[in-house]
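Listed next: structures, encoded as structure tokens.
Heads up, the next two complexes both have chain A, just with different partners, chain B and then chain C.
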Partner chain A sequence: MDNKNYIIELKNVSKIYEDGTIAVDNFNFYVRKGEFVTFLGPSGCGKSTTLRMIAGFEFPSKGEILLNGKDISNLPPNKRPINMVFQRYALFPHLDVYDNIAFGLKLKKIAIPLKDKEGKPVLKINKNKVKNLKREIYLTKKNKHLNEEEKETKLNEYNLALEKAKTTPEQAYKYKKLSDREIDEKVARALKIVDLEALEDRDISTLSGGQQQRVAIARAIVNEPEILLLDEPLGALDLKMRKDMQIELKEMHTKLGITFIYVTHDQEEALTMSDTVVVMKDGLIQQIGKPKEIYDEPKNAFVADFIGESNIYNATMIKKMSVRFLDHNFDCLDDFPVNEKVDVVIRPEDIIIKNENEGMINCKITTKIFKGVNYQYIALVGKNEVMIKSTKEYDVGQTVGLDIYPDSIQIMKKDFTTNIYTDAWINKNNQVCIDDVPFDCDILQLVEGGKEEDGYIVDKKGKKYDFNDADVVAEVGLDKIEIVDDIESENSQIVGEIVDSVYKGDHYQYIVRTENEEDFVCLSSYTYNLNDKVGIHINKNDIKLRLKKEVSNYEI
Partner chain B sequence: MVKKAFKYTFVYLVLLITYIPIFVLIAFSFTNTTYIGDWNGFSLELFINLFNSKETMIALGNTLIIAFISAIVSTFLGVTGAIGAFYSKKRTRALYENLNQLPVVNPEIVIALSLVVMFVFLGNTIFKENLFSFWTLLVGHVILSAPFVYLNVKPKLQQMDPSLYEAALDLGCSPKKALSKVMIPQLLPGILSGFILAITLSLDDFIITAFTRGPGLLSGENAIETLSTLVQAKIKKGPIPPELRALTTIIFFVVLIVVIGITIYQNKSKNRVKRRRSF
Partner chain C sequence: MKFSLQRKQLCIPYFIFLILFVVIPILFILFYAFTDSAGNFSLYSLIAFFTSTNKINVLIQSLLFSVINTIICLLVGYPIAYILASSKAKFNYVVVMLFVMPMWINFVLRTGATRDVLTWIGLNGGQHPYIATFIGLFYNYLPFVILPLYSTMLKLDKAQIEAASDLGCNRFQVFTKSIFPQTIPGVVSAAQMVFMPTMSSYVIPETLSEGKIILFGNSIYLGFSNNQWNSASFMAIIMLAIVCISMLVTRNYTEKDQEGGSSRW
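Let's turn to the complex of A and B:
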């Protein structure tokens, strides 16, 4: 089988909390042995939950986690050959450095195959296996997130295995603890790897942050885990220390050959250290790839915006391999259907700055910041802002030319072209309810040539309709949703929180999420911050409606 | 300068007011007069009388037994309760916390009376016998002190890094081992102070003891007599028995030694450097 190299595999893993929040949604992912994988995303994107499921502190609601091909989804953390470095280290303050590192070793037991006097292996029924299978059966029965069919197949599988385990004797083992000398040698080796040889007798409270960090790493790697999990381990260190530790961690990874799974919200950290980066948002994988792939070819505007600095614009494909934005047609390498609305990303360092009229387009520099290695300019093309990084010096107010070559234009499918609400319905006042909030709408569009007579909708043939409780699909254009600052005012029909914002040259694209988790994607030229509470207003004529059932169902 | 002088005068004044009565009592425990104020010259008669007085010795024994047993039980309940509540869901935790507050703020007399009513009721309806004994007294004292143990352990839990428990599991501990190897050592200062508080609460409790006691322990067939109930009974009849002055002196010095001992131990453990054998 070709997946033998996969040390850990997550198959359709979801985590749904008791209150109904979905932390991780249908996660499919594998890690090759010895790889350095990073989960990257903003806080609350489910990266830590995924890590905790691999560690065993949380169990998946659905799906399976396979370690070397064996299902470990419901195995408790102490039975997994996986160790973790915690965010705030979680060192034991009542033990000194040596005892902290030796903690796992002192608990470790080595299995030695039992042999009888003639040297033949002793066979016994594996009671542990029976116990574990019984636990699995119990957990599966209690799991609310599986449907009946899935439950049945799983239970059958476990019951078969249980019968087999109960009847077939297996090789028996006796368990031996590590000797003091072995522990001592291993601790000494671990201390050497993290460069803390002289500190073994020190109390944890006397160590600096960086030293505590090293102890935490030593405590995990001394157990020789198959996978080392690191949950934002450098978050509490200052910048310089963080950079040093990044390099050291990378070196350690090469030296030890252990698989590292790393969680961070720092994109630079992810790009410098990892072999593979998994970008996550809202419990969903946005993109998996090598750092360079993710930087150069982001799959959507979120990834482009999150990883590095970028210029993102709305664009239209005007002909094959040609895209229009910034009032200019640029040649490009990506092939999208003609007239499709797309997002384009251009990295600031890929834009070439030239003298006036020498480039493809002209622009006027409005801001100039000296960044040490280069200058960062903000320039205006019409109403659109362009961020440029260049080593050449120009003055503010100067008009310059810009060149953008095909290989630096990354075209992405638009995440949102319109807001669609599939579970909207009409109430008795002929308003459309989106997220259970009534919006005034033009109900007459539902029937051909409709007009209103005595509170009924009448079509051109004179048939009467009553749309009370009718299920409809409502559609609202991104530019038709207005953000209202005053959430108390009448204009504010529904209140939500800004959960996402992407700058697109001359305007922002925001996602406003309401309390009931309904999203409104809207465009605005004003700046709002994440988590700002805003109101939303939609004009009556801007809501397009489509009945889910045939219109004849509502005839009276 | 004036401010400083004022500060110190105030501190010493407070100390003086608190300690003068104790020092007077200690001084008068070394003379054999019945009334404080007369001085008959130095004598250890009171101490000899104290150890010869069977009544007082029985009360002392009872008090210590109850104090230790009730402190152990309430420490166990308080610690497990605090850990359980800490790892419960928010709403459950708030419920536990409020329930725990009630006995703390409730006047002791309310607890005592309600316990009596409950024991009489249970005795009449279910057990069909008089329930009052050592056990009812123990229940009373545990109810009195367990909430205080809980309150002592709770801040230690809040200070603790919540991922310590997970770290222990991650390194191979079973949940039980994680509790004994990581959680308990972390909470130990809180547990100890809770235990000592429970002992002191039980030692000097009068109201609950008077209401819930029954025959048993060293008092045999008679109602259990503790130091506080004994003193109360004596005062009713006449002047404070002079031997009790000697007893108070002894208790004061025992407490003093314990406090000094704890301080020395704490200072020492900070400077302790562990030597490990090296191979």
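Let's turn to the complex of A and C:
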């Protein structure tokens, strides 16, 4: 089998909470043995939930988690060869450093194959296996998220395995605890790895944050897990300590050879430490790749914006391998259909500053910040802002030329070109209801040459239509949705929260999410912060409607 | 005119209160405990107390009552507090209130009602003094156990519990190795809330056993009401000493809790 190297594999894993929120949506992913993988994303993107499912604190609603090819989806955490380093360390305050680290070892039991007097292996029916299978069957029966068919196949599988386990005897084991000496040795080794040799008798409360962090790591690695999970372990440390620990963790990873799965919202941390980065948003994987791939070739505007600083612009492909933005046609390496609207991303350090008129475009520097290694400039090209990093010094107000070479232009498919609402409907006042909120609209567009008469629509031939309750698809352009500051005013037709914002040179692209989880993607040149409550206004003529059924269905 | 109070001046009322209602009464008790009826210094009360088997028996019986009542209350209150604190249901608060609400009714009235209910179900204090008294003590002190336990359990560190199971604990071990150690401060303060008040309780045994069971509190009361101020004062001193001892014993645990709490954040 080619996936023998996969230590853990997630197949179609979804986690849906009881209140219906989807934390993780159809996650497909694998980790190779010995790899350092990082889940990266903003808070609430499902990265921690995924980690907790691997640890066993949460069970997937759908899908399978395979460890070395075996399904462990419903195994409790104490039966998994996986250990975790917690966000706030979760050390036991009633135990000292030694006992904290030895905690797992003292519980551990080693299986020794039972042999009879002649040295032949003793065979017994594996009661534990039977018990586990019964539990699986019970859990599957109770799972609300599987459909009948999936349930049936799973149940059949388990029942077969259960019959087999009940009838075929297997090698029996007896279990032995680790001796005190073995525990001592292992704890000493773990303490050495984390550089805390002298502290074994100290009380947890007398340790500094960094030391507690090390104890937490030692407590996990001392059990020699196959996978070490780290849930934002450096979040509580100060910057300098965090940088040091990053390097140390990376070294530990090389030394121990254990697979690390790391969760963080800090992009720099992810890029420095990992072999593979998984960028997540809203429970969905946005991109999986090596740190460099993710930085250089982000798949969409979200990834580009989240990873590192970037200039993102709306652009149009004007001919093959040529893209227009910042009022200039640039050569590029990515091939997209001509005339397609795309997003381009250019890293600030990839833009080359030259003297006026020597570059491809000219711009005027408006801000200059000294950053130590280099200067960070903001320059204006028309109305668009460009962020540039350069070691050369220019003055504010100076006009300079810019060069952007094809290999530094990354073109991405637009994630949104228009807002489409497929479950909109017309109410009796001939308004369109999106997210159950009525919006005034031009209902006449549904009928060619129509006129309104007593609430009915009459076409050229005099046929009357009643569109009350008609299901329609409503479409609103991104630039047609207006954000209203005053949520109480008449202009504010629906209120939502800003959940996403991406800066695109001269404007922001926002996603406003309403209480009912309907998203409105809109453009605005004003700055809003995440979680700001705003109103939304759509002009009557900007809503495009399309009937789901034939027009003739509504004739009266 | 500027009118500003300094911290020192703000303390004065409390200071007066302390002197009037704490220090002076204790001095009075000390005075009576070590004098005879004529007001001369004497160790008569001390000798009388330790030579009277009757009084020593009352003390031992009260201690036993307190220990048993504390254990029963903890055994019953702990699971209730745990269930209330760990379930997400909205009615939790209501249930906590149901347990706490009887505490708002005057204690003497409540005990009288308890006696009537017990008589009605056939556990008349005259015939079953021990059972009736224990039921009364348990009923009265259960809320004092649930409240501190409930509040410590609300603060249980979920991550520590998860860490325990991550490191190989099964459900039972998670309880013994992580949940219980975390709740020890709550258990200690709950025990404090029950142990001493049970010892000095007076109305409950008096009412529910129809005077058949005499606890330390009753015997102090009897002393004062029979004008034996000196011996009663001495018993009050014994009581005070036991309070001090129990506080000394439990001090370590409560202090540890604060340290652990601060280091976690």
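Assume the second predicted complex is superposed on the first by the 556 of 556 C-alpha atoms of A that agree within 3 Å, B and C clash if a C-alpha of one lies under 4 Å from a C-alpha of the other, contacts with A are read in each partner's own complex, and residues count from 1 in each chain.
Convention: a contact is a pair of C-beta atoms (placed from the backbone, for glycine too) under 8 Å apart; a residue touches a chain by one contact, two chains touch by 3 or more.
Quantities reported herein were computed from a predicted structural model and do not represent experimental measurements.
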Side-by-side fit of chain B and chain C on chain A, or clash: clash
Partner chain in contact with A:Tyr405 - chain B first, chain C second, else both or neither: neither
Chain B versus chain C as contact partner of A:Tyr456, first or second or both or neither: neither
First (chain B), second (chain C), both or neither touched by A:Tyr98: first
Which of chain B and chain C A:Asp184 touches, first, second, both or neither: first
Touching partner for A:Tyr173 - first (chain B), second (chain C), both, neither: neither
First (chain B), second (chain C), both or neither touched by A:Asp201: first
Partner chain(s) touched by A:Phe59 [first = chain B, second = chain C, both, neither]: neither
Chain A residues contacted in one complex by chain B, in the other by chain C: 55-57, 76-78, 82-84, 86-88, 90-94, 103-104, 107-108, 219, 223
In the complex with chain C, residue positions of chain A that touch it: 55-57, 76-78, 82-84, 86-88, 90-94, 103-104, 107-108, 204-205, 207, 219, 223
In the complex, chain B residues that touch chain A: 161, 163-164, 166-174, 177, 182, 185-186, 188, 273-274, 276, 278-279
Interfacial residue positions of chain A with respect to chain B in the complex: 55-57, 76-78, 82-84, 86-88, 90-94, 96, 98, 103-104, 107-108, 180-181, 184-185, 200-201, 219-220, 223
Chain C - residues contacting chain A, complex: 157, 159-160, 162-170, 173, 177-178, 181-182, 184, 256, 259-260, 262-264
